[in-house]
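In the two assemblies presented below, subunit A is common to both, partnered first by subunit B and then by subunit C.
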Partner chain A sequence: MQIHRTGKHIMGGTLGIIVDISLNSLVLSGVFLIVAIGLNIIYGLSRIMNMGHGALYAVGAYTGYTLVATGLNYFAALIIAPIVVGAVGLLIERTIIAPMRKRSMVYTLILTYGLMFFLDGMIKYVWGNKPCFIDLPAFLKGTIPILGTQYPIFRLATLFFIAAIMGGLMLFLNKTKVGIILRASSTIPEMVSCLGINMNYVHMGAFVLGCIMAGVAGIIAGPLTTIDPLMGGEMLISSFVVIVIGGLGSLRGAVIAAILIGFVQTLAEFFITDLAMVIVYILMAVILAFMPRGLLGEGKFE
Partner chain B sequence: MNHTATIPGIKQGLHPLKILIIILILLGLGIFPFVFENRFYISLITEMMIYGLLAMSLDVLLGYTGALSFMHNAYLGISAYVVGLFLIHVSPTSLWLACFAGIAFTTIVALPVGWVQVRTGGLAFALLTLAFGMMFYTIVWKWYSVTGGDDGLMGMPNPDITLFGWHLGSSSDPVAIYLFTLVIAFICFVLTRRIINSPFGAVLEAIRENENRAAFVGINVRRYKLLGWMLACILASISGALFILYKGYIGPSTMSAFAGAGVLMMVLLGGMGSLWGAFVGAALFIYIQDYISTMSEHWEIYLGLVVIFLVLFLPTGFVGLGDHLKRFRKG
Partner chain C sequence: MKRFITISLSLMIAVLLFAPQQVFAEKPVKIGVLVPLTGIVAQGGLEMKYGIEMAAEEKGTVLGRPIELVVEDTQIKAPVAVTKAEKLVYKDDCKALIGVFSSGVGLAIAKNIDKLNVPFLTTHVMTTALYGLHPLVFRSGQLANDQTAVGNINGILARPDLKDKTYYVIVHDYAWGHDGGKRFIDLAKANGIKIFNEDYDKAPTSTKDWSSYISKIKASGADGVYIVFITNVIPTFAKQMSDFGLQGKIKIISAAAPGPLELEAGGEACYGIFGASDWSWDVNTPVSDAWELRFWNKFKTIPSDAAVHSYVGAMNLFNAIEKAGNTDAKAIADALRGISYDGPYGNVRISAKDNCMRNDAVLTETMAAPENPFGAKVYMKVLKTFTAAELGPAE
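Here is the complex of A and B:
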């Protein structure tokens, strides 16, 4: 994903540029983080790597675009779009993922890869190839001065929203009964199923939760970037980079890796626009050459 | 009933009937361009053979090592670009030197990538092939001054093709390319089959079946995985050299993730773990693609649906279909 430049930091001087870059990279990290956490929840519980996750993120953004374009408030879209993506995820889980649960990883990878092309094709079929933009309500469009730069209000709001989502997810996983069941199932699924909990529902719930996260990321990222059919694929690769660097299935690793990748990508885009992603890939290769299991290793839920 | 003890994984010699079939197929393909002078079908079969070679190289990785590469076409692309650049900038006539440069360069690029990839384990390996593939794609796409960016590599010269001292003609002649591809693809097939049926291939299959157990037996898993990866990349680079000779053009779309999924589907269609199945899969895929792309622009949706269908209902592919029929007949 490439966040649109604000271009207002010229008046702010060096300090303004630094603040601008830091905040932008935090926003980017936040979006990466939400997509990557969604992938990690599904992987941590069902050992399924969903290659269609990027396409689901794009579905979230496009749904948000359609909702806002039909005259709905952005905040309503913020709630409805993830639910729509969750419903799509439920449908996918019931029809093609559930029958594949016992098969080897290679097959589920190829299956969800096929799913990705199907979803991407459907997106192009429904919304066309044109880039779209989500129109924000007036009071979110403005900018506020922070430390010598004019920073868009919406991005600051996004940062708070992402923090709230992450906090909510932590509370959900640590305090509620469903969250505890999810965490327990990621460690000892046999024991959980012995306690009389239907693992089918656990896997289903994890998949839908992951898809909802993709939808949330999509609707947040929609106003930050151009919505086009390529956005899903780009985000898929970025989130893979994040979870592979952080350690597959590790939530804490994903947080660290997302912040790292967000900063590196924003800096690289600032200094060398075209080959920014190449820097990110090389960084990934160097980290993995020395820490093959990622920064925190194959992880479990918190 | 055959009770002779065979070492698992190491196949015995071919049945005479199979040798006869192979010779007949080769002869049939060999005389095809002289009997049917339809240029369209000659090019189509050339493309099938080139992609068959690429699919076979992916099959070495997927079917024998059990490692998944989402963007194996990246190595076809790298090799094709290097061969093209060599012919354009260094020497427009020395074809073999250009092919050698392409293969050597791809090997040099694939070695560190493979070195990182085999360290990370099964799933991360697959995700990394995608990330590195996208990296090569981005480089080719954005490095306009060298690769021509979105327009692709233009102005390929047409070098003369000589094979074992036998002059086939210029590379603009479809029949010459056809025969050249046929011979090279067949040599690669025989060599790969020989390698796969050697103890080395047996080790690869052991790693595919159970990586931990193979390590306990004393096999250096990473080393063998890296060797399997290198074998697959070298084969892909050979197909890349053929590709640029055949097309006379290479663009970034050949290296895209979408094209990579196509290669994966060829292997699935043919059936994993049988080298000749990859050629069958490639032939089927290219024929179907040629057929559907004339009807609909939403080829992605169909590709996705076919992949999902194949994995759900026919994971063994065309080769497995034959086995199913055999079992069905025996009851």
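Here is the complex of A and C:
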């Protein structure tokens, strides 16, 4: 591929391209990570495979869009939208998931699959089919020069948001009593129950936490691309690829897998455009062929 | 008792004598409408439906019978569309099919038209494969890919700021995208316009994050980009180009007209998109202005080119049925060849040579809208009008 024509631009041009690809990969990885982490939290702690997770991600994005459109500051919407999605998640958990928890996983799989269609339908009914764009604060618009390229400020900010969220999540899970209980519940639920902790509240908390993560991902990803009724289904597929490759229930696995998928997809789109998604799925097939439980195995919620 | 029987028998005879005539007089002419109401182009499909509904309402009747539209959602999937078409013809007894957004779907229906045996008039399919494809397959709607390419190339050549640019070509990865990309590149090369990637990039229709493609465009050094994207994706791409600071630096030329509601959502980031189209609400003729107001009053949504060319296509179909004098498929098809309708974008005539329309079109560029009855903030300003002869293809 011809890059730049004059010698004096070659270094800046090539370096700029490398920076572009790297940052694009990290942003894509970050969005996959936040959504997949939420899905993994729910599966790792409750053994519920939430097929409605993508729709909740879309609800987060649309809620954020609506809040900003009504005049609220983007950062306030960044806090409120996930809380709204968490509330929706609480309602879902209490009415649909909790009654089915003791049954086979297939029941909750089918129920959440139906939930996905319900939420998608509600989104179209409330917001219609046209794409929506979240209006960002002025200081987050525009680009900034980095090592030979001009890169959007909001995309860089996204990386900081995601890092902060992941850091906060790790602190919560490792350093708080609630977080420790959640982690213990994934490996030794009987012992946690014997200690007098109500497992219903644990499962409820895990589900709500997973939904909050979906909501956060939605409002962060919304300004990056576009908000439309199809965004949930597409992200669900990507997040499943991440958690399957990383290992069902493994948070560390999700981190590694999200970075891997983000880089592979971005590089494939850059160099072999026609076959980008094919390459991602071939990667998944190869990994699973040699490591059927994913990169870090199944069920290790750490 | 005798009186009761006499009255009952009289009533029965009256019903038998009069009811069948009444039924035949009011039995509607059913037209099957195939549009995508779900999926990525749901908004465009809805606008097409609006245009056809408006035409049916204004036409009122054909052959003295009311027009009944039977609408089915193609979901922009070929197998679904073919199944729905079969249902419309075999179960609903539709005498013609109209609509269809996607070239892939349109070609799938055309492949089955012998079995369906009704005229099929598409109002949005742009592939050049439709020219003379089948005696029962017609186009009266969106410009075909070759006509769009001619319009865009002529527009580029007429602009000193555009004709010396190097263009990067990206298309949506399906039939229409490939056809549109190839048409533009072939014509560009023939006219001395520089193309960076003659094997053009093909992006999945599900692409939301265009950052990788934008990085490629930046890396190429191209200063123009020719996109063959589904209408509602165009503003998304334009917005992300703007996010990367490229608005105004890399000119976007589009093979398809962006949807008006999507332009509104994209706002200022969507200024500067250049391209040929059948029509824009900036076309200031009495017929167009009146149509726009009627459409706005009825549907309370900004008039779009998807709606207007579906309206015109539907009028051509209804008038052809009138001309045929009956609902026989071959008679309607014969009547469609050469028929024309004078509407918002002038005379639209279906060529007897290849069953596809010839009409004037416009070259537009998106910018801030002047005061208008629709509250639109972004619009496609008309820069130039092309005649049907200019756009071709020659007959």
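Descriptive notes on the structure:
Assume the second predicted complex is superposed on the first by the 285 of 302 C-alpha atoms of A that agree within 3 Å, B and C clash if a C-alpha of one lies under 4 Å from a C-alpha of the other, contacts with A are read in each partner's own complex, and residues count from 1 in each chain.
The working rule: contacts are C-beta pairs under 8 Å (C-beta built on N, C-alpha and C of every residue); 3 or more make two chains touch, one makes a residue touch a chain.
Being a predicted model, the structure only gives us computed values, none of them experimental.
Taken together through their common subunit A, the two structures put subunit B and subunit C in a clash. In the superposed model, A:Pro152 lies in contact with subunit C only, and not with subunit B.
Once the two complexes are laid over each other on the shared chain, residue contacts for A:Ile162 go to neither subunit B nor subunit C. Using the contact criterion defined above for the overlaid structures, shared-chain residue A:Leu248 touches subunit B, although it does not reach subunit C.
Contact with subunit C, but none with subunit B, is seen for A:Phe270 once the two complexes are overlaid on the shared chain.
Contact with subunit C, but none with subunit B, is seen for A:Pro131 once the two complexes are overlaid on the shared chain. In the superposed pair of complexes, A:Asp20 makes contact with subunit C only, with no contact to subunit B. Looking at the shared chain after the overlay, A:Leu28 reaches subunit C, while subunit B stays out of its contact range.
Residue contacts after overlaying the shared chain place A:Leu115 against subunit B, while subunit C stays out of touching range. Shared contact residues of subunit A, touching subunit B in one structure and subunit C in the other: 124, 274, 277. Subunit C makes touch with subunit A in their complex at residues 39-40, 42-43, 46, 173, 196, 201-204, 206, 208-213, 215-216, 218-221, 232, 235-236, 239-240, 243-245, 259, 261-262, 265-267, 269. Residues of subunit A touching subunit B in their complex: 49, 96, 99-100, 103, 105-107, 109-111, 113-122, 124-125, 233, 237, 240-241, 243-244, 248, 274-275, 277-278, 281-282, 284-285, 288-289, 292-294. The residues of subunit B lying in touch with subunit A in their complex are 62, 66, 68, 70, 112-113, 115-116, 119-124, 126-128, 130-132, 134-135, 138-139, 142-143, 257-258, 261, 264, 268, 298-308, 310-312, 315.
By the touch rule above, subunit A contacts subunit C in their complex via residues 1-5, 13, 16-17, 20-21, 24, 27-28, 124, 128-133, 141-143, 149-152, 154-155, 224-226, 228-231, 234, 266, 269-270, 273-274, 276-277.
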